[in-house]
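Labels A, B, C, D, E and F are assigned to the chains in the order they are written; within every chain, residues are numbered from 1.
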Amino acid sequence: MFLNGGPMIFTGKAHPDLATRICEYLECNLGRAEFFKFNNDNTFVKILDNVRQRDVFIVQPTTFPVNDNIMEMLIFIDAARRASAGRITAVIPYYSYARTDKKDQPRVPITGRLIADLIHTAGADRVVLVDLHAAQVQGFFSTVVDELTALPLLADYFLKKNLGEIVVVAPDIGSSRRSRDFAARVNAPLAIIEKRRLGNNDRVETLNVIGNVEGKYAILFDDEINTGSTMISAAKILAEHGSKGVYACATHGILPGDAAQKLTAVPNLNEIVITDTVPLEERKRHPKITVVPIAPLVGEAIRRIHEGQSVGALFT
Amino acid sequence: MFLNGGPMIFTGKAHPDLATRICEYLECNLGRAEFFKFNNDNTFVKILDNVRQRDVFIVQPTTFPVNDNIMEMLIFIDAARRASAGRITAVIPYYSYARTDKKDQPRVPITGRLIADLIHTAGADRVVLVDLHAAQVQGFFSTVVDELTALPLLADYFLKKNLGEIVVVAPDIGSSRRSRDFAARVNAPLAIIEKRRLGNNDRVETLNVIGNVEGKYAILFDDEINTGSTMISAAKILAEHGSKGVYACATHGILPGDAAQKLTAVPNLNEIVITDTVPLEERKRHPKITVVPIAPLVGEAIRRIHEGQSVGALFT
Amino acid sequence: MFLNGGPMIFTGKAHPDLATRICEYLECNLGRAEFFKFNNDNTFVKILDNVRQRDVFIVQPTTFPVNDNIMEMLIFIDAARRASAGRITAVIPYYSYARTDKKDQPRVPITGRLIADLIHTAGADRVVLVDLHAAQVQGFFSTVVDELTALPLLADYFLKKNLGEIVVVAPDIGSSRRSRDFAARVNAPLAIIEKRRLGNNDRVETLNVIGNVEGKYAILFDDEINTGSTMISAAKILAEHGSKGVYACATHGILPGDAAQKLTAVPNLNEIVITDTVPLEERKRHPKITVVPIAPLVGEAIRRIHEGQSVGALFT
Amino acid sequence: MFLNGGPMIFTGKAHPDLATRICEYLECNLGRAEFFKFNNDNTFVKILDNVRQRDVFIVQPTTFPVNDNIMEMLIFIDAARRASAGRITAVIPYYSYARTDKKDQPRVPITGRLIADLIHTAGADRVVLVDLHAAQVQGFFSTVVDELTALPLLADYFLKKNLGEIVVVAPDIGSSRRSRDFAARVNAPLAIIEKRRLGNNDRVETLNVIGNVEGKYAILFDDEINTGSTMISAAKILAEHGSKGVYACATHGILPGDAAQKLTAVPNLNEIVITDTVPLEERKRHPKITVVPIAPLVGEAIRRIHEGQSVGALFT
Amino acid sequence: MFLNGGPMIFTGKAHPDLATRICEYLECNLGRAEFFKFNNDNTFVKILDNVRQRDVFIVQPTTFPVNDNIMEMLIFIDAARRASAGRITAVIPYYSYARTDKKDQPRVPITGRLIADLIHTAGADRVVLVDLHAAQVQGFFSTVVDELTALPLLADYFLKKNLGEIVVVAPDIGSSRRSRDFAARVNAPLAIIEKRRLGNNDRVETLNVIGNVEGKYAILFDDEINTGSTMISAAKILAEHGSKGVYACATHGILPGDAAQKLTAVPNLNEIVITDTVPLEERKRHPKITVVPIAPLVGEAIRRIHEGQSVGALFT
Amino acid sequence: MFLNGGPMIFTGKAHPDLATRICEYLECNLGRAEFFKFNNDNTFVKILDNVRQRDVFIVQPTTFPVNDNIMEMLIFIDAARRASAGRITAVIPYYSYARTDKKDQPRVPITGRLIADLIHTAGADRVVLVDLHAAQVQGFFSTVVDELTALPLLADYFLKKNLGEIVVVAPDIGSSRRSRDFAARVNAPLAIIEKRRLGNNDRVETLNVIGNVEGKYAILFDDEINTGSTMISAAKILAEHGSKGVYACATHGILPGDAAQKLTAVPNLNEIVITDTVPLEERKRHPKITVVPIAPLVGEAIRRIHEGQSVGALFT
């Protein structure tokens, strides 16, 4: 299927830094390509290196602007396919539409599946993903999927921190399974925060803490921190329930607008720990935000995929 | 696409009683078909009524023997397709492989997606499902899906029962979201049981009850009760935590072997409430087992699908 | 395939005014839907009217922001398909990626084909397009295409104007066939402007006028006016060749940034005639810009498609 | 497509002995995998060896229980595909649904085609089959097919036996072409037994022997012996027509229930010669039943497929 | 799917007479279309009647020139599909490539399957066929197939003829099943002619008559008579075996070149009975050739398909 | 994907000489295959060399008889696919149906797309084309396309000829872009001939020369010369406009019937320059017809495709 010469890594505009770091890990050069918009707002891609029968990886998380980056990725894949690439892997460290994964009300799309189908149509042979919102999203893909997880990296971070008595807290019912896995990894008990709508007015919500957090450091664990409002409310309610201090931890840190500012301003939120699957703009950096690098994980997966070694073995 | 004459309901061997009850609801005759095995164990299906350009529904939950019933359904669909049916809807009130919905360890299948693809390949245009293990499984289907839920029916049952102070308990972390929805519907607080493996030996597990159950009636809520062992352990631990009495409630009651017997023998398990998406053999019936009929729900959905009315409106 | 009740017209955010005008032509109500972005920049669509087995048309030209509007359209189609629409027609009055229609250099995409495939994958059954950059783009679609043309409308405009001696001028070699058709329709001769790169430096270009324009009104004709720079250069060279005055005419007027301002500032450019396949912002309106409404053409095509009448008959 | 390391052979539960013998022929180890049923009767497969980019062969004849073994094979293929196998070949030495290969009555399926499509959908790249009921079934597969034949092996067996004057007898009109090929190989004349329904009652049948069998040893030849009733009736009628003795020979010996017992009890049926494409349970073994091993044929085909050598050359 | 107005019948150049007769049967007008070749030998088709959402049937047996007629049919289907036909049925009364239906030697195509896939790709929704060479070819089609048979018509012809003592003879091993069915229908015994290659030289063949033909009229029955050489050899060997006289009967009469002349010149070949699925040129007509019209059968099938009535009921 | 051993070149009956010349360029043997028609006019192909996992190229321009050669190519591809070829490239130096590339009138096919789909369906992985009628036709293919161009070869021929003052003339509006590219390559100005229909009678046409040709040698440039009537009319009108002499140049020379004779008889048509993408029969050869060999170009492309080198680099 592909000739020798090692994997070729390309990147679109979504997160070139990450692609560069992956290349550093792999000790290879980033593939050369042009990508820009014509003045009629149409995206254009031109791959500059010969990719015939080569093993091509296109690194593009679906970050802001999301639709634009998805379309650029699809066009990139089309260019690589028509350029006779031997195998094309879309490396999507953050797959945002995974959150639209079911019809929970009438006449809504399942965009997580739609995007998976579009990637397949464009011509990707494989997909590499990191910490999906729900693991079932793997099954949305017709192409072969390798889902990586940053959970061990994040757990190691806290194990080394050695905080004393801790409790892992799911900030939301939907995160309880993921938090349980994290809790088991850091040998801590689990608590869960439940959001409940009150009365007829759907807009008024109350938060319940299920489980015991008193006198412990709480690690709020989730797949992503978006605006941070869930984490902020959680920190507040945890304080009310006697938690000693709170850490927020997630694989993906989206932090649109002034989210980073708001989060870091919460007094009992000691630290926010994320990875760099999503680029963190300079202006959002803050001593309370710790970024665990994801490039070694993704880079190692690419190496194993290229060489036919087990990727699962990375996590066992 | 289809001529007049109303929907035509067919059934394989998995659960003919349910198909009959759906026909009663719809006030139509069950479509005539033969299905049997040749002595070389090959399944054969012959549809006896003309189905050209008709709106055909094939009712077949994936119950024991599971693979056999799936294959029979696929062959039924093929027969209907080649007989020029106008539209074919697979009505699968229990879709068991939904439980194999992700690669959570290396080199395992995602059978929930595979079966969805097989149903599409065989020629079904649409699928009707009831209370999937995870709602994301909807997105496994290329064909259009209507997922129905028995949750309102089951909640109504308990609301009418008027048990006094109750708590809804998720018997497992994975059921916490579903239990929360049920809790909201019956206006009760939520507790969650967490299973945790201890030490290096994966075989030893401990159960934690997260949340307060003392002095309340606990309703354990899940999508399915299989062997019932989860429910039995949960009832035991709830007793230890001071629960007044326990009810087990789920849409699907599989109850293989002596499961019904074991469940009904648990002293503080007051009642098991399920629907008949899966047939309950005569020998398993017991005064403590209540079966809420699903045919009116599925029948109404079929009527609406056939007539182009909103199915979602059923649940709002 | 679809029940009675007439066509249902929906629109995304790209050009709601056009959809409204089409509904006025068809004397029907615009279908109700919500479409917005979550704060993680993910597009969400919810169709509010029941569309089961109905004949659905989604009006969405691929205007600024192009990728975003394409994704919104695909998500809209997915929502309609999963909501059991009987037939889905994507009405795309301006299909911008038609300009990326071939590999004229190594390792570039054919995005015009890619988007056609994505629309098919999302679930559209049919497509309605207006004046493609190249008619061959019809063949990029697996789905059935109806390409409409505004050429007769635009020719009628100039015939009524009765300018005296005119010449139709293709502003570019690539527009010569289209201009010839327009010239035949307005009974005028044809001239062509050829752009030629000079020497080794690709950046220096010279324009040649092939044909006679002296003492005549020149109508520059094209499928689209983008930044207008081609039209501006053409007007200049036509003045040098003795043209009495110049009109610029095209189906699609993109006019990004200050393009409208620059175009209307050209002294010998008497008038710019376009249609409203692309929305013209208030700030770009100018007495020299004439907009011929496209809604009657698109509306009539939708009526004919819905009722099974010939669309081609519209143009003969 | 696949890296070095030789073919990897896997087996489901249908016929592990055969897979083991194929591995012995190929001097390789059987690939390690787990396959079992959960207590809800759902099949689960886990491949234990890394198969990335390897050339994988899954050996699974569709024997009792047929539907179950087919589903297990499809799930096995899905697991291998999602585990990034380089190429997947389904080795199906007995493909039972080949018998349902046409619509010879209204509204019946063509299951032989359906299963072929399911295998393709699950993700097999190639299929290896042995002596299909009708060679046309090759054309049911979209994937590439290598059909092997045991006919030379079986003919050699009888040529070595040197029975004297023999006649090859097709036990059924449908087997006449196959029997002719066998007859040509063993240099014997051909006779054919015709089953004819009498009068209006379809249930009463009469057998005619077309051709001369008197004083000769008759070799009944077919693709498979199922219950053996055709062979038993044939042996009886051949006795009536003066045959000296009868041999029954077929590639596939199904022999459900007490079929082996009944067959071996027929006095003038001297021997039953089959291969082991289908496992023969210990209790069915009998001195009159000869089993010709198929593993060398299938093993050699796998070796040639893996190494890119001609498989057809095996039979010329 | 299709609006009212009855079926629309179109024909290419292969057999317009047959399409005309079908229209006479259906009391409708033949759909208007142009089909011709440009001088670069490219086929062009233009449908003149509006076919939007109509039920379109394209009648085109694959007769001389075969490839040309197949391509014309595919282009016709494409034109109808792009013209928004509601449903397209390819009516192929003679499907010649059905004879290339298996890989019986290395590296040959299965053209019968290939053409079936091409028809599907071009856009046909359904296919109507008459007396395939092997019924399994039905399973080559992804589209829905209705296979009609002229066997009852041909049997009736001979039953009315009342020839006295007859025997049905399969002219070839491969026709034995079909001949058996015919024999059952005319209440006659069956004989079979076996062709056997002698020695090492494959070119020398000998014919054996299996079964008794002495003193009887022999009806040679097959799906098609091509050059007639098989029938001529069969007639000769039947004469040697004492047959009183011979009739040749088949659904399809190809008769290329001087085949009709040679066949009718055989003294003991009393009559050749065929249908007009293939056009019989004027010059080939002869008193010994009887043509049974197929239009009522095909026309009735089209009527039933259009109206949603059972086609199978035609044959029971 | 494919094992070593170099590319394997096969040819059908369309243009075996070209395939032979390509093999000479590549210094390899032509792959052995049989292709012929049965007497029922069905095409049969048998590949004689083992092609398992090899890199197969099938050379077949779509020349007279066009449909027949296309079908033969599709059947060839099917044979190669079923014979387990590693990769199949259809090398189609002349792709005639590219001319039917849009719906420019109601209810006509887009045959250029249809054939592209058929080639994909038959199983080709890649396509190599030369100078398409419109470059957009690349986008009709789902398979990967390499379009080669003879333009540099043809331009070199004229540059070496050193004719003095020349003008490149597009013989038709549709060829103006291609002629412009040629003009740029030979550093000559451009003129364009426009065909215009007069009055109501579509049959009467007039030709206009747009641009200056007086006193210059005119090189008429096009993708193909079919009957040559366009070139003959152009030569005549160019003479009237004072051209010194005319050369006709195109990649593909079809020249059906007596076209070559008529063209060479035009007095002021000094030379006709074509390539051998289409075979030129012996009887058509003439001193005024120059044939530039295409085999080195196609051969070099095949070499590069096989070895994973850039094909685009050939043209830069």
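The rule is simple: contacts are C-beta pairs under 8 Å (C-beta built on N, C-alpha and C of every residue); 3 or more make two chains touch, one makes a residue touch a chain.
Here the structure is a predicted model, which means the values were calculated and not measured.
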Please report the smallest number of touch steps linking chain C to chain D. 2
Could you tell me which chains are in contact with chain C and with chain F alike? A, E
Listed by label, which chains are in contact with chain A and with chain D? B, F
Name whichever of E-F and B-C has more C-beta pairs touching across its two chains. E-F
A-D, B-E or D-E - pair sharing over half of the C-F contact pairs: D-E
Equivalent-chain rotation between chain E and chain B, CA atoms, steps of 5 degrees: 120
Quick check: how many Å separate the C-alpha centres of chain A and chain F? 50
Dist(centroid_CA(chain B), centroid_CA(chain F)) in Å evaluates to 61
Based only on mean CA positions, could you tell me how far chain B sits from chain D in angstrom? 38
For the pair chain A and chain B, the C-alpha centroid-to-centroid distance in angstrom is 33
Shared-contact residues (touching 2 or more other chains) in chain A: 1, 50, 82, 103, 105-107, 110, 113, 145, 310-311, 313
Overall pattern in which the protein chains touch one another (line/ring/star/complete/other): other
Full enumeration of touching chain pairs: A-B, A-C, A-D, A-F, B-C, B-D, B-E, C-E, C-F, D-E, D-F, E-F
Sites on chain E touched by chain F in the complex: 38-48, 50-51, 64-68, 70-72, 74-76, 78-80, 82-83, 96-97, 99-100, 103, 105-111, 113-114, 117-118, 120-122, 226-227, 254, 256-257
Chain F to chain D touching residues, read off their complex: 1, 3, 50, 52-54, 81-82, 84, 86
For a test of understanding, state which residues of chain F touch chain A in their complex under the given definition. 1, 126, 144-146, 304-305, 308-310, 313
Chain D touches which residues of chain E in the complex? 101-107, 110, 112-113, 134-140, 145, 147, 173-174, 176-177, 180, 183-184, 189-192, 194, 196-197, 208, 210-211, 310-313, 316
